[in-house]
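In the two complexes below, chain A is the common chain; its partner is chain B in one and chain C in the other.
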Partner chain A sequence: MILLQGVVNGVLLGLVYALIAAGLSLIFGLMEIVNFAHGQHLMLAMYGAYWLAVLYGVDPLLSLPLWAFALFLLGVATYWLVIARVLRAPMLAQIFSTFGLGVFLQSLAQFVWSPDFRLVPSPLVKGRVEAFGLFVGIPELVASIGAVVAFSVLYLFVTRTESGMALQATSEDREAAALVGINSHRMFALGWGMGLACVGVAGVLLSNFYYIFPEVGFPFALIAYVAVALGGFGSIPGAFVAGIIIGLTEVLSGLLIGPAYKYLFVFLIYLVVVIVRPQGLFGRY
Partner chain B sequence: MKAIFREGFGPFLAMFLLGLMVSVPLRAGPAGEVTVGAVYPLSGALASTAKLSRDGIEFAVDIINKRYDLALPLARSEGLPNLGGAKIRVIFGDTQGSPEVGRAETERLITGEKVVAVVGAYQSAVTATASMAAERLSVPFLNPDSTSPTLIQRGFEWFFRATPDDDIMSKNFFDFLKDLETKKGVRVRTVALVCENTLWGTDVCKFERKYAKDYGYEVVAEMLYPARSTDLSSEVQRLKAVRPDVVFMASYISDAILYTQTMQKLDFNTQAILAMDAGHVDPAYLKTVGKSGNYVFSREVFSADLGQRKPLVRLVNEMFKKRAGYDLEGTSARSFTAMFVLADAINRAASTEPAAIRKALRETYLSSDKIIMPWGGVRFDVATGQNVLGRGIIVQIQDLKYWTVWPWHLASRDVIWPMPAWTQRR
Partner chain C sequence: MDKGGSRPPADPVPWKGLLAFVGVVLLLGYPFVLTAPFPQHLMIRIFLFAALAQAWNILGGYCGQISLGHAVFFGIGAYASTMLLIYWHLSPWLGMLAGVVLSLVATLVIGYPTFRLRGHYFAIATIAVGEIARVLVTNWPLAGGAVGLYVPLLRESLRTFEFHTTKVPYYYISLLLFVAVTATTSFLEHSRAGYYFRAIKADPDAARSLGIPIHRYKLLALALSAAFTAVAGSFYAQYVLYIDPESVLPLMLSVIICLVAVLGGVGSLWGPLLGAVVLIPLSEGTRVYLAGMGGAGRAFDLIVYGAMIVLMSVFEPTGLVGLWQRARRAWR
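== the complex of A and B ==
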């Protein structure tokens, strides 16, 4: 029973990790740039949901589409203002640009909103359900369902729509895609928009049950990097599977071996993947 | 006449020379002023905490330098009577929260500003290096507020600490449990220790394990968990599996919040949660978890509700609140108290020579009615410099407020034990 509870907790947690990783993976797969400000984008979405709830009484679940769209726009803007300028720059410059953006966003949040901890006051979904001796938090359940829905939408978009196809084509071969008339800049912007929209959805879902403060995104982003590496850079189904594996690893190793070691096993996965299968589970590279 | 002159000349000359030395002291500012250094993280992430210390120190200096009708040492006189009414002047140094800067600032205050003693520095790691500088330059360093037990294990000769440390306060928990068993018939047999896994948490767990053994409790789980985990469900599940009577916790703010939420979510119930302050007494804790934080116990060093049992605390707190705009709490109350300990020593030394002040500090005895802290008083152990009369209090969150519940003679509310199960709460 304890084990089963652990599995349930692990899957619920893993789905949220997966959604955060999906955005990261999408951007990387498209243009081989790692968004080191990913955790801060998550933080912005959480604060967004929080402030709408506090100032205007809009529940995070209702403001979810709004913030997904807002983060989409932020992604597009980030591409044009920051990323487009370092597209042909050395890799180090690309790393610094997104890393610097992250530091900037975090400091800004600390300056504007103070380092205080906040929690969305009485969200629409709260409490827990108990079934067969298992306890599940309702907000966590909603978040994981939301993550599955968001994943499905993302997957269908990428595989079934014309823009999605163009996105895939660009990520396969930039020059060839340009030859058949696909504007790679627009595709990159779209990719950043989609990537940040994913993390926006994750942030809003998370804000239903997780405290919010300027550095909240960092540990989530760190785990998302492991998930991306495990799932395969650029693979969306890979991020999905990897997120769940990592969620399960974290909870079960904490439960069976010892809490002090749980992140050891999470990052051990990363090491093993890098050594044994650098392209990850579903990766192309 | 002649005989008197002849016989009295020797002593007279000696007195004259001595007087010359006293009136032209090596370490003093303008005439009638004694300068004291204070090193705190005035800028950086802990700036808001350092402001509490600074407010406490400045309030204490005001009381020492002016005349107030309070039972505090030196309050009823102006300045330091044994030094001709000399006023205390505090020069602040900014450690920026860094051990390296803390050391450099302490050096600057001693060699540049010629301070006669230094107080500081809140963070144990900074106190360690700052007091090292004072030790090397042979100037007393009085620490009001760092609780790492290692600070007094260094064999320093110029280091004094007024606050009880984590060792003493871990022991307090077990005294509290024993007291509960004899007075309230509470039955506790098994305990679980949950600590974050950096230096502070591991140290706390170490002391709690030691005392649990000494006091005859069975430790059914000892969990060191990574601070700032994204998820703590496996930790709480482990607790559910071993069903401890009492859970001891040492957590920072983000973990304290997450634990409370996860325990509620997974329906983990126990007789009591005893927290080693930090996250569980951070103002953000109750603000964030709300009602779910009720019934948690924490050790504390001070609580403004002590005024209900100790009129001096109420008086001082009212004055402080008028001045600073908020109630005295652990940090401001401890730096406030340390200034009195230091001023009292300088006054008794009747000198601004560091060696004389150290001697006076070693001879310090302040009874509990002369300080606002819930301690038995202030008396320093000569070997370690630790205030051996220091002790903590235990507070419990009831109706979204912290109330002193132990020791009994300082309690403002009765203990609620065991805490109600999650399903039985409103």
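== the complex of A and C ==
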């Protein structure tokens, strides 16, 4: 029974991981740049939801569209101000441009908002439900449902709409896409916007039940890297499956071996995957 | 250097030699002129981080393999010397040597599998390795777990590697450490290995097709880098006399090591020193002047670091050294 409870919790958690990883994977698949500030973008969305709730009494669930849009704009701005300028730079500059951004955002959060742990006071969704002897936290349930919805929207956008097709074309072959009139800069900016909107949604959903502090994004970002590597860099369905696998691994290893070691196995997955199957489960490379 | 040919030949007065001589005298005399603890502490930290960044530079700057997990080797050095001193009463100097040997073993364990990875994959793998090490040590009772270990207090002498009344010996040891790493790097620059490193950085496929055994040379770069980082770790333990996973194994340490190197200028001999000279006083200064702000003051230096790194990557990826060279060209 405990094991079954672990499986349920793992899947719920994994769905949120999947959404965060999807944003990362989208950007990587498009331009082979890893957003090393992914966790800090998540942190910003969590603080955003927190402050709106504390200062103006707007529940995180209500401010969700707002923060998804704000993060979308932030993504577009990040692309034009930073990423567009390092596209042709050596990889070192690419890594450190987003990495420095992450350090900047995290320290800024610590400086402005202090390292205190915060919790959204009395969110709309709280408590837990029982079904078949299993307990499920309602905020967690809402977060995973929200993640699935956001994920589906992203997937449908990429596979069904004209912009999504153009996005895919650009990630397949930048030059060929340019030849048929797709402006790759605009696609990249769109990719960054969509990628960060995913983290925006995930951050707000997490803020319903997760402590908020400046370093909060880091473990999520690490897990997203693992999920993206496991699913295959650039593969959105891969990120979905990998997110669930990692959620399960984290919860079950915490349950069976000890909570202190739960991330250990997640990182081991990364090392094993990139060494044994570098292209991941669904990867193209 | 000057392709135009309009420049006169080299100066008759050996300015460079003279400048170097003055520099050496200033560095050696510094602790006798500035005898207060803080300026000495500041220089020790500058040398320590310049040495760490230089060690990182061998792997990251010359060989092009970006490690975000160098704290692992620092931690190995710090824990090796401290644990051997506590449990076997081994001199920290021998413990330092043991740390080097252990870091070389770790090099093989970490490097062999991860060097098949490229670019971003490798950087993320090093983060994963660093976090695994931190979790393991935090849950290892013999290593003091999350509480950490105190280095046993012994009579102060060079043999015990402990000095309680003065920082001067630490000053010279850290200076020596920096000089040793820099001399090694300088030697590498003109050696066969150094050329191979740069070839691997520029284009691994081309390097391999020219017959360079790239795995072996990447391992060599990692081994050199790791060994010096471990030595710095043992030095840190003996200097602060207390270690815990949060001070010698955090990701933030790995981050600061590469920020110093990247800001100064990767793949250049004087970049790490330049980076440390700019960044360390900044962080020590903010720590002192913003101490009244509690936890918030700690982050201020990192805000500046982060912003500087983004600006550097966008406008001048060759770092402060590149900026300096550009300024000199413009001035001429």
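Simple rule for what comes next: the second predicted complex is superposed on the first by the 284 of 285 C-alpha atoms of A that agree within 3 Å, B and C clash if a C-alpha of one lies under 4 Å from a C-alpha of the other, contacts with A are read in each partner's own complex, and residues count from 1 in each chain.
Here, contacts are C-beta pairs under 8 Å (C-beta built on N, C-alpha and C of every residue); 3 or more make two chains touch, one makes a residue touch a chain.
No experiment lies behind these values; they were computed from the predicted model shown.
Superposition of the two structures on chain A leads chain B and chain C into a clash. Looking at the shared chain after the overlay, A:128 reaches chain B, while chain C stays out of its contact range.
By the touch criterion defined above, A:115 reaches both chain B and chain C. By the touch criterion defined above, A:259 lies against chain B but remains apart from chain C after alignment on the C-alpha atoms of chain A. Touch criterion met: A:107 reaches chain C, while chain B stays clear of it. When both complexes are overlaid on chain A, the residue A:82 reaches chain C alone and has no touch with chain B.
By the touch criterion defined above, A:172 lies against neither chain B nor chain C after alignment on the C-alpha atoms of chain A. When the two complexes are overlaid, the chain among chain B and chain C that reaches more residues of chain A is C. By the document's definition of touching, of the two partners only chain C reaches A:97; chain B does not.
Once the two complexes are overlaid on chain A, the chain A residues touched by chain B in the first and by chain C in the second are 115, 258, 260, 263. Contact residues of chain B toward chain A in the complex are 45, 197, 223-226, 228-235, 237-238, 240-241, 253-254, 257-258, 261, 264-267, 284, 287-290. If you check the complex, the residues on chain A that touch chain C are 28, 32, 34, 82, 85-86, 89-97, 99-108, 110-112, 114-115, 214, 218, 222, 225-226, 229, 258, 260-261, 263-264, 267-268, 270-271, 274-275, 278.
Interface residues of chain C facing chain A in the complex, by the touch rule stated above, are 60, 64, 66, 68, 113-114, 116-117, 119-121, 123-125, 127-129, 131-132, 135-136, 138-139, 251, 255, 258-259, 262, 266, 294-296, 298-303, 305-310, 312-315, 317. Touching chain B in their complex are the following residues of chain A: 2, 5-6, 9, 13, 115-119, 128, 130, 135, 137, 140, 209, 211, 213, 219-220, 223, 247, 250-255, 258-260, 262-263.
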